[in-house]
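In what comes next, subunit A is part of two complexes: it sits with subunit B in the first one and with subunit C in the second one.
And then the complex of A and B:
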């Protein structure tokens, strides 16, 4: 008779892998969060004076905090929506020309730009004293540079979204192009065609759903990346509302040392919200690499 | 046990080892005399952190100070960029972690950083009286003795002295507004040409206005909540009444004075500001500001401010840091620094106490032609207020002006 002993791991290699992952990746994060929690409750820190909820109350009752939260999500969602639409369009209609030669190379160029450089470029080009404003002035389209529309440091975050979109479109275009061939989408599309689907129906009912479904985890991760971006909103954003990361750093570095715990509160609430969203997304069936489900 | 287990236990052991702190015995420098301190400094490397936003200042430090201290004292001076809040966060986390041999040995600080560092006991001291060159400094001068109304008590070495000025382009502005009434009149007539940076310089401007409103010496001494509320309400009412005529209708403000310089140079703004009275001449010489740029003072005066050097409490090379500080306040180093073609920073030395030749050198220093004279500035110099005023102005400027 064979007695099977329930084991936690399949083999030793996996066990070590998981332990190393916990030790190197998860443990520091958990410690960091614990530190932030203790700090925000006034339990540690050079200026702490014992347990208090006042920092939490102070930070959460601040209207600017919630405005910043909304603004952050608005920027991220707008960026993703514009980037996906454009990337889908480009990858569908420029599928062949983008496969080789100069166009194939040029689509990689924006990926080489660090975020802070993109932010400066957008500022140099689109500010009221920037390149376009001067060009329009020289062409006589506007009578003074301040008549140029506000595109950076503007209330709607146009500059921030533009900079993020500039970086995201090539990324998603290349990603969609690869998915397109990996998933044999042309085959499925041809099947649909033999069943009488027009090109538009193929795109709408076959190609786009398949691409988006496969890309969903990446889209979610990219949204989180935009949510947490720092340099771009720092340079192109307004003094108020600010994106969460800018707000957190500002609170961390104010002259009054007493707002440092508030910065930790801001960061904690933000992490918590992102985790909640991720939790629900992972629970939902559509969040999967597996198309069979 | 197989090899994996060995590996993991070795790894855990390493982790534990890296956590254990080394005990560190430092000799009490206050018991040593200057020669012994100099001997101790020999061959040490000093890590200095300072604001590196100005090429003239960087060049003075890299090309004059560093080679000279190496040659005279065999001390290597390494300079890293960083100011105020960066220094405070580095020191805070080091002290919270109990780190004995800190990253920083010498720091360039200003009143608000001094205030923060004293709160967390981050500064070494008192040590200033140990430095032989302090004999040239007049510590009774209120602009040196007090940093943001706080007595320095030997915890920081005065290094330089500057005064806040407003900069305008004389080719476009005939008579610059010198009082708050004139400023209000000006912005109403020329909307979009004035703004306030949401940074140290901007707050210094607001502080000068606050003092002007309260009247001379009213706000001296410790922070007074009642007085602050009274005069800051007047200040915000005033700013908000003219805010719609500011740059971008006052809906947003530049985040730093360097973006204000940019806007000034390309003509959007008629005014910019500077915490350093020598900056206008420096920037004209660099070709960044137009030749017609001029610096001026408010009728009611502007803030004069000394900047200082401090040694972090956990520095392992305090002796060498003291030797470098002593060199930085030597007559020769101060003279080099005061030359308009190097930095143009005001000296903290009392030139009456210097030797005849040195005194002559200071007196005959060419003065920048586009800023007010030293005498004019001295007459209009206001003392810095207690640091809490600055903290409150920062927060209230945000809530009462920017977010409105």
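And then the complex of A and C:
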């Protein structure tokens, strides 16, 4: 009788594939987190003097750290809220005109912009000496540039939110337009209409809930992208508060070596937040890994 | 009276204008000879900057070539390795675990990922080198390619593979004559998407490349810092034009339902 012994891999090809995946996707992440943990606990690094929690205590008791975390979430949530509302409005109202001609092409254009170029553009257009301020000045709406609202490097992150929104609105508009036809939403809408629902009720009770429910994983992952954005807040943000990624790199690159462990604390907290969000995302809505497609 | 259809068309065109305006603005700024405050338009235009880019083969031209080299290498490696790996993962008994793990490096902020990995890049003598930047970009592009290409593998493809083997085809023939032609469209999309991941990357490149590997995104930042906005616009135009050209050929190259 042949006894089957469970092996790690079915064959050589599978072993190569999985090992490649572990090497490129899993191992670097594990090693990176491990290094940051050890550094933040004073066990390795240039300032290492044995195990200590002082860097963690120092980082967590710093007001800047909490302010940065709040600011990061504020920027991400504001961006997502504005983008989703606008994208829903655009995709529902301009459903047909956005499917043909120039509008159908131009809606994709912002996707061709890297974040650093968008940041540069917002800086050029919305600063107090930028294009819009000049235009307002020429039109006589303002008499001097200082009268133009501070939209770049401002305390409320308006420039940062504007830059992210410029990229997110087209992305979600296209996404919703695709979902609208893929999910047979017009059919459901017609059923609701047959049952006596007005257009507004159809939008509020059928179309929007269906779109948002289906788009939930994408929305969550996009929020994580905004949480971790770097170039845009680097160019359009202020010294304080800073988004977590900018704060991490600033602390890492300071001349003082003592801030390096604190930089790793900020990085680890950020990674932890991402892991928690992903954990709940995977738990709340199972991604389909079914091979029956 | 404006009809409802015309009003919608008006808004759609206004939206188009809003999205096209940045491209026009960047190009205009890159051609501006003098565009001083408070003028809303440049006082004079010049082609010198664009001309110098291609005739004198200056620093910016080197950055363009460098960015192209990095992005094409990353896209090729990520697409091929992602195609192979996604198959092994799709049919593995723990595929749910692998698929979930593939999201972590992809969604994590690249600059934070680079910060925690920087030490290993120094140890491996990869920091500040072209190879280091390519490897760094691959660490983000590869998981993305696995996520994207995993959608190709199904029970149907498995049955086709078994059929090819029954008919005497070896593994290489299965890939060459069956899988590659079948997945051609998706592979092209994956190539361009991973190309753009690398082409757009700034944070990881600046950390791993230690500022020495001057890709176009780093040039844009450098010019902004130097308040050289004309050159920043030129470098930005170079960054934006290839994706816009791709868009002209196929919208899918720019937008793919990723999740």
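Heads up, the rule we're going with is that the second predicted complex is superposed on the first by the 253 of 293 C-alpha atoms of A that agree within 3 Å, B and C clash if a C-alpha of one lies under 4 Å from a C-alpha of the other, contacts with A are read in each partner's own complex, and residues count from 1 in each chain.
We adopt the following convention: a residue touches a chain if its C-beta (ideal position, glycine included) is under 8 Å from a C-beta of that chain, and two chains touch if they have at least 3 such contacts.
Remember, it's a predicted structure, so these values are computed and weren't measured experimentally.
Asks: Touching A:142 in the superposition: subunit B (first), subunit C (second), both, neither?
Replies: Neither partner.
Asks: Is A:254 in contact with subunit B, with subunit C, with both, or with neither (first, second, both, neither)?
Replies: In the superposed model, A:254 contacts subunit B only, not subunit C.
Asks: With both complexes superposed on chain A, which partner does A:197 reach: first (subunit B), second (subunit C), both or neither?
Replies: A:197: touches no partner chain.
Asks: Which of the two partners, first being subunit B and second being subunit C, lies in contact with A:36: first, second, both, or neither?
Replies: A:36 sits against subunit C, while subunit B stays out of touch.
Asks: Output check: A:12 vs subunit B and subunit C. Expected answer is one of first, second, both, neither. What do you get?
Replies: It touches subunit B, and subunit C stays clear.
Asks: Is it subunit B or subunit C that touches the larger share of residues in subunit A?
Replies: C
Asks: With the two structures laid over each other on chain A, which partner does A:129 touch: subunit B (first), subunit C (second), both, or neither?
Replies: In the superposed model, A:129 contacts both subunit B and subunit C.
Asks: Touching A:46, do we find subunit B (first), subunit C (second), both, or neither?
Replies: Once the two structures are laid over each other on A, A:46 reaches subunit B alone.
Asks: Overlap the subunit B and subunit C contact sets on subunit A and report the shared residues.
Replies: Correct list for subunit A: 13, 16, 129, 145, 252.
Asks: What residues on subunit A touch subunit C, complex-wise?
Replies: So the residues of subunit A in touch with subunit C come to 13-14, 16-18, 20-21, 24-26, 28-29, 31-33, 35-36, 90, 93-94, 96-98, 102-103, 105-117, 120-121, 123-125, 129, 131, 134-135, 137-138, 145, 166, 170-171, 174-175, 178, 217-218, 221, 224-225, 227-231, 235, 244-245, 248-249, 252, 263-264, 267, 270-271, 274-275, 278, 282, 287, 289, 291-293.
Asks: Help me check something: in the complex, which residues belonging to subunit B touch subunit A?
Replies: Touch list, subunit B to subunit A: 2, 4, 7-8, 11, 84-86, 88-89, 92, 95-96, 112, 115-116, 119-120, 192, 198, 248, 251-253, 255, 262-263, 266-268, 387, 390-391, 394-395, 398, 402-403.
Asks: Taking the complex as given, what residues does subunit A use to touch subunit B?
Replies: My answer: residues 12-13, 16, 19, 23, 44-47, 64, 128-129, 145-146, 150, 153, 155, 238-240, 252-257.
Asks: Hey, which residues of subunit C end up touching subunit A in the complex?
Replies: Residues of subunit C touching subunit A: 8-9, 11-13, 15-16, 19-20, 22-23, 25-26, 29, 37-40, 81, 84-85, 87-92, 95-96, 98-105, 107-113, 115-117, 119-120, 138-139, 142-143, 146, 150-151, 153-156, 158, 171, 199-200, 202-203, 207, 217, 220-221, 224, 229, 232-233, 236, 239-240, 243-244, 246-248, 251, 254-255, 257-259.
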